[in-house]
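Have a look at the structure below, then the notes.
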Amino acid sequence: MNPFIRFITRRLAFLLMTFFAFLLIIFALPRAIPGNPLASLLYQIIQQAQSNPDLVKAVYKKLLEEFGMDKPVHIQLIEFLGRLGGGDLGTSIAFYPRKVADLVFSYLPWSLGLLIPATLTSWVLGNLLGALAAYKRKTLTDNFLLTAFLTLSQTPYYWLAMILLYAFAVSFKFFPLNGAYSPGKTPTLSIPFILDMLHHYVLPFFSIIIGAMGGWAIGMRVMVIYELGSDYVSYVDSLGLPDRKILQYVFKNSMLPQITGLAINLGTILGGALITELVFSYPGTGFLIFRALSTLDYPLIQGTFVLIISTLLLANFIVDLIYAFIDPRIKTGYVGE
Amino acid sequence: MIPRIIKDLFKIKKLDISLGIFLGLMLLSLLGSIIYPVDPTSVVGPPERPPSSAYPLGTDNRGRDVLAQLIGGIKNSLYIGVIAALISLGIGVIIGAISGYKGGLTDSSLMLMTDVVLVLPSILIMMLIAAYLKERNPIFVSIIIGVTSWPWVARAVRAQMMSLKAREFVYMSRIAGLRDIKIIIEDLLPNMASYIFMAFVLLMSGAMIAEAGLSMIGLGVTKGISLGIILYWAQLFESVRRGLWWWFVPPGACLVALASSLLLMSTALDEYFSPRLKGG
Amino acid sequence: MPILETKGVKAYYSTPLGYIRAVDGIDLTLEKGVILGLAGESGCGKSTLVNTLMMNVRPPLRFIEGTIILDGKEISSMDRSMLKKNVWGVLVSLVPQSALNALMPTQRITDLVKDVVMHHMNVSEQEVVSMAKKRFEELNLEVDTLYRYPHELSGGMKQRVVIAISTLLNPKLLIVDEPTSALDVSTQKQVLKMLVDLKRAKIIESMIFVTHDIAVLRQIANWITIMYAGKIVESGLADDMLNHPKHPYTFSLVNAVVTPEPEVRNRGLASLPGEPPNLLDPPKGCRFNPRCPNAMEICRAKEPHLEEKSNRLVACHLVFP
Amino acid sequence: MLLEVKELTKIYNVGLLRRKEIIAVKDVSFDVKPEMFLSLVGESGSGKTTTAKIILKLIKPTSGSIIFEGQNIEGINTLKDLRRYWRNVHGIFQDPYASFNPFHKVDRALGQAFTLLEGSNFDKESIINEALREVGLRPEEVLGKYPHELSGGQRQRIMIARCYILKPKLILADEPLSMIDASTRAGILKLFSKLRDEHKTSVIFITHDLGLAYYVSDEILIMYKGSIVERGPPHEIIEKPQAQYTKRLVEDVPLLYKKWSGF
């Protein structure tokens, strides 16, 4: 068989298996944990029945139906998979009667709008600075950059967000305190609204860029140092190729892991910038997941997680494709040793 | 060999600095309650006071002492970090070592399992598990972090094991009739020691950050304190917007200092032990 | 005019413990048309020397002093960018020791060829490709190889491709550093043949061939230089020197050669006691004195200099008292 | 007969993307008489090291058998039997740097020999000292040192000293000289002959160097791509090679006293 197709088929099979394993975890966890959290949630809902009996009854009915608590486990599992297969992620409790999928898609644009540009920017900056540090190895520049990268890579985005917020929105009132746009406004495509949106955008955007840059830079720095020490570099160097060209070679060879890293990273984007969105009260999917977790909205937790894991596995698959296209050894069906 | 390595290691400035920061904070957390005997959980003064001589790092919204919380928080964060790292390391080393030493079908199936766990994002699994638990003590949190972050250790240990067991000194010990267990202890493990130590250090910093992340979304420990919990409270009660900087800056700074000193430590060790990074 | 001439060349490795004097005062003259075999055992500084000869010096190695004149140009005072522009690949080329890993794994051979040629010459891509094809044919390499990735080639093939690339621009001097140590004997012979053909076809004018294998030198070199502990101990015409070694070290080196020949079985094998000296702190006097069977008082006190008699250079108090 | 190798075959499965079988050793048969110096000559990948590892029971053959003093070694499985076997059949490897665990002093490699010797009241120190002197080392110069403090030649001598303690019936020496400088090689080579002459040890000398094999052996086996293509006394192999591969080999080895034609 064509080695390329064979490789891709094997990876696809693996990813599907992983997806199934994840679905099993999602299915099993609420049912397997002692004290059955689902049951206690149902109990809680019944207790709240006084306040709004009709709504609570509806929620209760829906939950029973979706989780099928009264049926044997294997039937529950089949129904669970069947619903997922039909594209139904269930109904939220906290936002009853809205569907989970519907909720996610109304929160998603904010997360994507924030994360895609921020991730790409930090990726580009991180790679450039990382390569610079490697090129300037054993100089003051490298020592400074490396220390900065190490510290940044261990700085949680959300804490950075808190610091930025305190500095530029509380102490100096340059930027607004929270939200994606000023309260009272409705999203339109007008110039004033876009300006207002950008004004809210700056701090979360930079907190993600700065927070993510260190990790990319560290990875790139190590890769470039490794490549610079390789035999092919000293060979082309001795042939007189200019440093600029050699750096191009090294950069090209160091990029593969970084590209795949980026793809995987973009794969998790559906989850939003969980805690950063929380700090800024930014209405993205991260915020939604937080609401789901804090209100124990099981259908919403399950639904969002299934979506996140799907895009993540899809990203993994794309990475495999990239590898298969770029790595000549896969193209030619190289057999080791 | 070992004394020489240790002597060499102390010459590395990066290592000295990072070790200094880390041990300093660790000592603060261990001895802190003796030097600064204030109960972090009890109300000691008026709420939301800025730092002063009475409250070096101010008080929180209920009038509890932030410095005392910080001391307790570092201690618990370190505790969770160590336990979680030990759990991951244990699982990773055992799976990796068996996989690498045995090979064959055992290897294939263990690695398949590892790959599955590696692809699933550990933070999601952590969140899932944590969300369904009502009570979460530090041990639980450590276990949750530990059981989700071992796969890369297993892979790395496996690779090391495979290359080491084909080394000639291992053959020399085998044809001297040494028992497998003795070969593993005397020949294989010492040669992986630096690696295992580095993995531990990285796992620990990862675990402390993961703990803080879980806490921030309300899935951290339900009783007691940690750096993440302080941050969580600070976030919950809008400390940033209300300008109560002493409440959220110190715990975050300590977390960053602990985690990045650990990372710096492993970077320094890596540069020392891997020749290609060491060279000019 | 000789193709290469050096005077008092010193290049040391800088380490925390001090300087390792790997190349310590080398005077060398290489005439046009000569294949110089540079031999010596591991750690004697031969690889360091050949890299220094083309000023390919990178930390921790440091060029200390001396002059190197290559094809009438003093390259020891040139800076790196100048060397890269006008010397390396054009006047002098290196076939590195690690030729098996010298090709970038993610690049086809043609891509490297294009980059190398187009950096030094103002030609179009098509011209480069047709030039490379012609050269590959001339050297009996399959033209198809140009479109391959390195991992698709066998060890011997990689080695020959590297040699072909190094000589694309007809450098006057080719430096070959232990090219055959990882190859089996038949492939080794092919590679050696290719090197000799390069000179015969006048693609290169001269060659320095580094090896620890004296029997290989016998086959291809017409001039041999022996190094010991960072210094040249003997230098002369290949056949003459191998038949009548003068320096005690050369003598034991030649007599340690084991080839499948009755002469060797009858002759027996020589063995030197002791270990090569530590170049951080080389012995006083002659560096070979601690291992020399003929060491005299003066050998421990005074360093012998390379002196010439009937086309032979030797640094030994026994030969030149 | 000391050792009989019968139809030995070893197949490895390798592959980055698809599994591929690599036949490392194919139907190899030969035998070793007592006090025999036998050389196994081949280029890298010819299967000579694999053969040695199988004989040393470091890896299992895919098929075929090895009979040592009339016993099939497949049946040697208990630690006690294995130890007796390794006492009689010992090995020395190519890389004197990798043969020592960098975390232990070189003494350990020598001390390990005593696990193989039966009985318990040895004067270990004097046995070790004597063995070291046999291989031309001064005990006080090497004992107590870490491997990195010694040269390659010294390390390889220590490995041979270990064989002097054991006095095995058969030594498998896998390229023991390939990383040793030429000028010190002869001294180490002589130690193998001495073991044979003084202690009646047979040697299977594995090398890629036809010259060395020619110089020391009673008999040479030529291996190519996992099979034995030719066997015979050294002078016959060199003077009248029969197999195609051997002919090419003999023709392509660089000689000291004769030049290649066409160069």
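The first chain written gets the first letter, and so on, giving A, B, C and D; residue counts start at 1 in each chain.
By definition in this document, contacts are C-beta pairs under 8 Å (C-beta built on N, C-alpha and C of every residue); 3 or more make two chains touch, one makes a residue touch a chain.
Since the model is a prediction, treat every value here as computed from it, not as a measurement.
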{"item": "Chain nearest the overall C-alpha centroid of the shown protein atoms", "value": "B"}
{"item": "Chain pair with more C-beta contacts, A-C versus A-B", "value": "A-B"}
{"item": "Centre-of-Cα separation between chain C and chain B, whole angstrom", "value": "51"}
{"item": "Between chain C and chain A, distance of the C-alpha-averaged centres to the nearest whole Å", "value": "55"}
{"item": "Chain A and chain B: spacing of chain centres that average the CA atoms, whole Å", "value": "22"}
{"item": "Of all residues in chain C, the ones touching two or more other chains", "value": "none"}
{"item": "Multi-partner residues of chain B (each touching 2 or more other chains)", "value": "280"}
{"item": "Multi-chain contact sites of chain A, meaning residues that touch two or more partners", "value": "329, 334"}
{"item": "For the chain A and chain C complex, residues of the former touching the latter", "value": "230-232, 234-242, 245, 249, 252-253, 326-329, 332, 334"}
{"item": "Contact footprint of chain C on chain D as seen in their complex", "value": "43-44, 151, 153-154, 181-187, 189-190, 208-215, 234-235, 238, 248-250, 252-260, 262-263"}
{"item": "Chain D-touching residues of chain C, taken from the complex the two chains share", "value": "41-42, 184-186, 188-189, 192-193, 196, 212-216, 218-220, 242, 249, 252-254, 256-265, 269-273, 275-276"}
{"item": "Residues of chain C touching chain A in the complex", "value": "54, 56, 81, 83-85, 87-90, 93-94, 96, 98-99, 101-107, 112, 115-116, 119-120, 149, 151-152, 162, 165-166"}
{"item": "Of all residues in chain A, those that touch chain B in their complex", "value": "14-15, 17-18, 21-22, 25-26, 29-30, 33, 35, 37, 40, 138, 146-147, 150-151, 153-156, 158-159, 162-163, 165-166, 169-171, 177-178, 222, 225-226, 229, 268, 271, 274-275, 278-279, 290, 293-294, 296, 301, 305, 308-309, 312-313, 316"}
